[in-house]
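The structure follows.
Lettered A, B, C, D and E in written order, each chain numbered from 1.
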Amino acid sequence: MSVLRIQNLQAYYQSTLYGVTRNVKAVDGVSLDLRANEIYGIAGESSCGKTSLIKVVFGAIKPPLTIIGGRVLYQINDRDFDITQTNDETLRQMRWKQVSYILQGSMSLLNPVRRVRKTFWDFTKAHEPVIEPEKFEATTREHLNRLGLPAEVLDSYPHQLSGGMKQRVAIALATIFQPKVILADEPTTALDVVVQRGVLQLLRRIQQETKNTLVIVTHDMGIHANIADRVGIMYAGRIVEEGTVKHIFSEPRHPYTKHLIQSLPKIGDKSKRQSIPGAPPNLADPPAGCRFHPRCPYAKPICSVQTPELSPIQDERRVACFLLTKENAHVS
Amino acid sequence: MRGFLRVVADLYRSDPRCRFAFTAISIVIMFALMSFVSPQDPGSSYYAPPNQPPSVAHPFGTNSRGQDMFWFLTFAVRNSLVFGVITAILSRIIAISIGLIAGYKGGIIDRIMMVINDSFVVLPVLPLLILINFIIREQMSILQLAMVIAAFGWAWDARLIRSQVLSLKEREFTYTSVFSGTKTSSILISEHLPFVMPIVLSTTINNLLWAIGMEVTLAVLGLSNIGIPTIGTTIYWANQHQALISGVWWWIAAPVAISVLLFVALYLLVVGLGAYLDPRTRLQRMKGVLSDERA
Amino acid sequence: MGKSFLTYVIQRIAQCLLVVIIGITITFLIPRFSPTDPVEAVVNRAMMMGQFSHPDAVEMMKDALTKLYGLDGTLGQQYVRFWRGLLSGDLGPSLSSFPKPVMSLIRGSLPWTGALLLTTAIIAWVTGNMLGALAGYYADKRWSHVLSIIAMSLHPIPYYIMAFVLLVLLAYVIPVFPLGGAVAIGLKPGFNWIYISSILRHAFLPALSLVLVGIGGWFVGMRALVTNIVSEDYVTYAEYAGVPNRTIMYQYVMKNALLPQITGLAMQLGLIFNGALITEYVFNYPGLGYLAYSAIFAGDYSLIMGVAVFSIIGVSLAVLLVDLAYPLFDPRVKHQ
Amino acid sequence: MSRNQPLLDIHNITKLYSVGGWLSRNKIAAVADVSLSMLAEEPEILTLAGESGSGKTTLARMVLRLVEPTLGRILYKGRDITSIRTRKEQIEFMQDIQPIFQNPFEAFNPLKKLESYLFETAKNYDSRENGSIEDRIESALNLVGLSMREIRGRYPHELSGGQLQRVSVARALIASPSLLVADEPVSMIDASLRMSIVNLFKDLKDRHNVSIIYITHDLATAYYISDRIAIMQRGHIVEIGPVKKVLAEPFHPYTRLLRESILEPNSETAWDEEITLSTIETKEFARQGCKFANRCDSRLPICEETEPPLSFVDGREVKCWLYGVQGKHDTAS
Amino acid sequence: ASEPVTDLDVAPGVPRHETLILENPEGRIADPGRFNRWAPGGGDSTGLQQLALDTLWYIDPDAGIDGPWNNSLAEAPPVYNEDYTQMTAKLREGIYWSDGVEFTADDVLFTVETLMANPTMEFGAQLQLNVEKVYKTDDYTVVFDLKQPNSRFHAIFTVRWSACFIMPKHIWETVEDPIAFDFNDPLVSVGPYVIKDYDPNGYWFLWERREDWERTSLGMQFGMPQPKYALYTAPGPSDKRVIAQSNHELDVIHDASPEGMITLLKRNPTSIGWFEGFPWAHPDPTLPSVFLNNEKYPLNMKDVRWALTLAMDIVNISMASTNGAATLSAIHLPPTGGYLEWYFDPIEDWLREYSIEVDGELFHPYDPTASLRVAEVARKQLGDQVPTDVTEIKKSLGYGWWKHDPDVAEKLLLRNGFTRDRRGKWLLPNGDPWKISILCDAQARPLMARIATMIAEQWTKFGIDAQAEASELSIIDTRVRYGDYEVSIGWCIETWGGHPDLFWFLESWHSDYYRPSGEPAVNKNPMRFRNEELDGIIEAIKARDFDDPECIGLGIEYLKICVENMPIIPIMAYNVFSVCDEYYWEGFPTAKNPYTNPVANWANTKYMFPMIRPKQQK
């Protein structure tokens, strides 16, 4: 049962400066199908378009980010709508109640001169205009309690909170209304592993309790391995591989994914790891054909000419590689 | 210099506000430069029929002293601009150096500088200006007045700049430079200065405005050199001839309109420039510029 | 409360005192190098009235006046005498209104400009910041541009012109406000509507002119600050969460941008002690500006010093207080 | 430099910061009584890991002379670094110790061309090897797998994070330092780029005898490259020893927690127990006794009151009562 | 005239139609509660010296109600003994202070003795230098024994625009420190008005007519002062005076600018000037001139001073300064009051004949048509308002002036060794460039700045690097007094207007009074002019009685010496654009009915009060 379908989404950063239009093809033909009650991980290099994708999915489309094509269809409470087509008010009503978003860099998500309680109040009030202060206090405390957060954070200013706590407050804020879809963009970068663990635990628990869809974006493969159900690997604005977490890690198929997984060091193993050669592509002027071909050791002539489709190669598994399309699935 | 021209060209191309601003500023500067080809000496009077409203022959009319306001104002605008710009530059130099050094050095140097700075902040400017005006007995030239006003016009801005530098010096790129063995002076100038530029720019406008306002105030009170045409002395003479109530409104309206035009343009320019210089917006823009260049 | 905080406060106060001393010293010295001289001023005045026909009479008067005004002695002695007086709360007699104590002259004028400038500074500050915040927050809206342009167009109009145009419009062409003064002639001060309404009616034009020119500066500053803040993550985040724009603007954008403006306001409030010369000049409004101005011309050192001392102490105190109180506005601030 | 002298010798340094505003003012020890030393004879990579806010950056900055310690001494090659005064001495010092910062995008001024940093560095530090300035830059760039061709005329935003981070390393290398202090040099970049930097560090140590202080949250890379690791918690080094030992078999309860929390990209380590996180940092800093006590599973009564000493156990040092004088070895697993 | 639209009260209980509102040109008074007119720097134009104080005699600058001379507190003119070492003043009987105490010789004695004891008080030093002894022979007779002969001693007690006023002894005798005394509680008046209220901030002073006004010298002689109230206000910048009068909130403007005057006449049909038409302004008996420091090189050369004079174009100066509404004077006396008849008419022929020798030829510098030319230019702008009748022009615009002849000026310079550089700029005989800066007050006396700027322009055209140097009144006065200037615009020739005596200012032109540059001069000889012949004339005048008709002849000799030497360049009368509004009151003094001076800060304006009449009773 899918709650969110992304169909051939193209979103570019368009800027017409100095008379020249420039397109940064941050999201370029992404199709995804997200189901209820799953954790979907999106991984990929820095600046391959992960944040941009999430922004579009959340409907946070502000110039210069522009939708070039495709659709983002939500199916929530038996209502279908395309987020690229909805008006501001519907969008506003939908947000937080149905879909919420935890922004990248949550260290600065809280207003530094406003007590956390006030921020909660603002966020609650935005969707429940007639809430009583007492009721608000009770529900907020209960919510925090459920998330295992001490109520004293409410009286704090953000700078008084440790990084992990801030991140968790951001998560708490994003889940006040128990939305159907939660989009989390790098929720743990720059946190130590212990704190990271606390944050991820929290996210997972929320997901388990409310059976909603959690999309988690990060370049930290460890996170995906541990909490995602399915993982999509992005490269240069496109999804190049998608599969269950088990498959991706045990049996990566796309050359990029392979490299990625192989390069991960492990504790207890000091053997030499190699990084992917070459530099990531410039999204303003991406290579033709398969965008990975300049760095791909297996590249064939066709790779630089045609763009491989993301096609299913087995259950729950899709890959965009000419080496691996169904016909050639045996090649590896 | 090439960099400067490029910035100008970029802004001109990219931003309609800047386009307007450049056009307006160029017009005002052109206007001021026309003083060099003026057929009329600003010191002479009664060469034209007095009190003529604007017409083809006298685009800004003539005043009660029989001067053509168009040509007279070319001098007034030129002098006020020169005065304002000198004041702004001088006070910027002080403000920037004090702000950068105090903010960067910290400690006792900072404290001493801030005491000096605050002493200037608290001084009652207008009375002192009048008194200094008295002391520098020979008619104060534009340059002298600019220096005196500049001496009073930096303190607040230095404080602002300092507060910015306080955070800049903790930024990693500063440390990178320190560890590159870069001299403090060049760290301040080439690393921090560009970052405080937006502030410097907007305080420059305010300072320019304040300086010209001071000059007008002194002139209205009859305390400036009435022989030098400036926006202030234009208003002084207009007042002496009661232009406001005797219907010679263009005498006042013309200089006011020019300064309004100039400052609106400067403001728009600074808004545009600020966006250009703001690291957050600049990056995107510069990307555009550079890829254009390379293409 | 930690020890270091106390140390900080003491240090800050010491710094403030130092500033006051330097400021006062500068203002003590400058008038004494000025060619205006209280004794000569009285002599000139007496001459204008045709009093003298003999140079010896002039000399006699000058000598007597110099003694009377306490201007004998070296600069150093006068400086010491000045501080001794100041520390005992005595600013000495005015030289141009001899022997009226400077204090009582200031006391008579301060309330008028003080109240006027206090109110207008605050109104201008609030309006300027409000409009600046609006224009900065809705930077892409058309009305925001228009607003910016209007504010910027008012800004460079010389204050004298602005004041006068208002006066002509609202006291002559449409004579709804009085031409000048602080209160109607002959009204006895009292806490009654007639007196208060008269004060308000008289203060309206001066206030309006001060507000109109005062807005611009705050407007520009605020707009710039806000443009920086709207791209902060917490603003975006609140927007994403559907927090109403109004709340975002006031509680997220404006409140944060306001912090530097508070120090600015403190300085402005300090400047109240400088009076508003042109306002007083155009609207016949009583106040310290004119007092200081006439003192300058009369070479009335004591009065100049009196006004300057008020202004210097006022500004440094205001800045000091804001510095110390800053943590109340911004919980992040640490005193170093 | 005599042979038996340590390269870097940190003696009981402490850094106190005042935090809080008007009425709620506190002093926190961002670094509390830390001693460390790195040997001169053989280069090593020392990892500093631990909690966010535990004082790693502060420690690194003190070593770099960017922050002055409140107490204690730092000796570099036997010389107290606070005694460095003149510009000449400073240059000499900086030539030897160079930093690499966490965020490559922050480490360079976005308004300056990258090459200017390189030229500036090359110009200010006289070469220990021969060669023109250009040559030195080129060879430093080659070491990190870049060349001047890719850098010339470019601004920081024109390079990828990984490239920038390499330039950052190259810049440090131009000075041919003996010690690199790298504060989270890879936290902002993805796995594959991360490896290229980390491999570079390894190379530097192995082939160019550069010692490195490597600060990171990524214990997998720490394990991968470093020789020793020091775990910090609330200003203290709570455990320090060879990386293989410490990470394979952590002693201190915090290290254990840390070790358990590491997400292995392949395993299915599900964490069963919920963990407690600190809320208000300053409160924890202000604790008496062991700073970790309130979150520790194996806490003893003494932990609440007295700070444990740093004791030698099994080839490493641990700051925990479980291994201290009192309960030596009783709970050691 | 139009009906008054409203008759608002000026103040609670003070109806507008019973009030005369006058401008106090001093602006805001810093210490308004102080009415001690005798203390150093005491305020004066607040109505105090006009309405509440009085002294022995007044001389009107114009015709006066019954002649310029008025015995005010005195019953008769002063009587001197033969050698002018004693002066006797006979006082009026029946004059009372406003608190009911009678005014007697004791008040005069007390005043003189108090002031003599306090040389810082006004006239204190002057009295000390002159008076040996003062005593009364009866309650209404005061005798002054003088230290040396002085035929003009009475001038101290004779109001020109102010003088030494008399204190009420019964109030002052209890005062410990007469300098510190405010004379406020009570302010006892010997004039027809008493203070009713004043602004604690010094912007206005409200006076009320005394019940017993007939027990004052004014009431006794000329009847009841008409306005029940008089309000002296400081209306602010000149534009506001115009607005205020257009709103009928200001009956007497002290001084408007020429443009303000023209505007007012256009806007407000009830506004009138001194002359019914152009040039409207009241010519004060004071002569703004170009001061030349006769001790500064090259101004110490007579030819140079003359060259500067001939380089000036009086028509332009008149236009620039007053829109042509200036009353010109070629000679060193103001062309006002009786002076036209006493001095200008008699010397006219001599002036026409007067010549200077230039390159062997005789050059007649006097231009008798100067004022006619001014009228002609002014007519271009103002049309019919400018009179055409020659006698009328002469009376209002003056007689003639010096020719504008740069060629002759050039010759005068060349023969003294001046040269021109390549750009045509003059070089001094010693080869230095010739620079002149003309000191003027741009703030309190804009008229002076307008004159200075125009002269600077003309001298610049002539090739001198000249500029107007604006400064502040008190600084200018001091600098001029100490001789620290080259050229300045101001006046040092002041006359009674209504009396031909010149000694009043001329006394200080005597070389006994001369002080070199660097030392303070008495302000009437700031140009530091010394002339033996002139000393003789001054001594001769001094030896003659105040009213001796021979003094006029001596005065004419003085004028000739001045024309010859041109120590300062006379320009015009100080034309004051006093504008009165005939909306609530009529019968203001005008050129047609010149019973006194309308210029509001003159003490003589008290004569206006019994003469004006309410326009409408409501």
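Throughout what follows, a contact is a pair of C-beta atoms (placed from the backbone, for glycine too) under 8 Å apart; a residue touches a chain by one contact, two chains touch by 3 or more.
This structure is a prediction, so every number in the text was calculated from the model and none was measured.
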Checklist entry - Through how few touching steps can chain D be joined to chain E? => result 2
Checklist entry - Shared touching chains for chain C and chain D? => result A, B
Next on the checklist: Measuring between Cα centroids, what's the chain most distant from chain D?
Outcome noted: E
Item to check | Chain pair with more C-beta contacts, B-C versus A-C | outcome: B-C
Checklist outcome for this item: Cα centre of chain B to Cα centre of chain E, whole Å, reads 45
Item to check | chain A and chain D: spacing of chain centres that average the CA atoms, whole Å | outcome: 31
Item to check | Geometric centre distance via CA averages, chain E-chain C, whole Å | outcome: 39
Checklist entry - What is the distance, in whole Å, between the centres of chain A and chain E, each centre taken as the mean of its C-alpha atoms? => result 91
Checklist entry - Which chain E residues reach two or more other chains? => result 237, 239, 243, 472, 475
Checklist outcome for this item: Touching at least 2 other chains, the residues of chain A are 160
Checklist entry - Which residues belonging to chain D are in contact with no fewer than two other chains? => result none
Checklist entry - In the complex formed with chain B, which residues of chain D make contact? => result 64, 66, 91, 94-95, 98-99, 101-103, 106-112, 117, 120-121, 123-125, 155, 157-158, 168, 171-172, 175
Checklist entry - Hey, which residues of chain A end up touching chain C in the complex? => result 58, 60, 92-93, 95-96, 100-101, 103, 105-106, 108-114, 118-119, 122-123, 125-127, 157, 159-160, 170, 173
Checklist entry - Can you list the chain A residues touching chain D in their complex? => result 44-47, 148, 150, 152-153, 156, 160-165, 168, 189-198, 200-201, 219-226, 249-250, 259-261, 263-270, 272-276, 279-280
Item to check | Interfacial residue positions of chain B with respect to chain C in the complex | outcome: 111, 114-116, 118-119, 121-128, 130-132, 134-135, 137, 156, 160, 163, 198, 202, 205-206, 209, 212-213, 216-217, 220-221, 231-232, 235, 239, 244-245, 252, 256, 259-260, 262-264, 267-268, 271, 274-275, 278, 280
Checklist entry - For the complex, which residues does chain D have touching chain A? => result 49-54, 160-163, 184, 187-196, 198-199, 217, 219-221, 223-224, 247-248, 254, 257-271, 274-275, 277-282
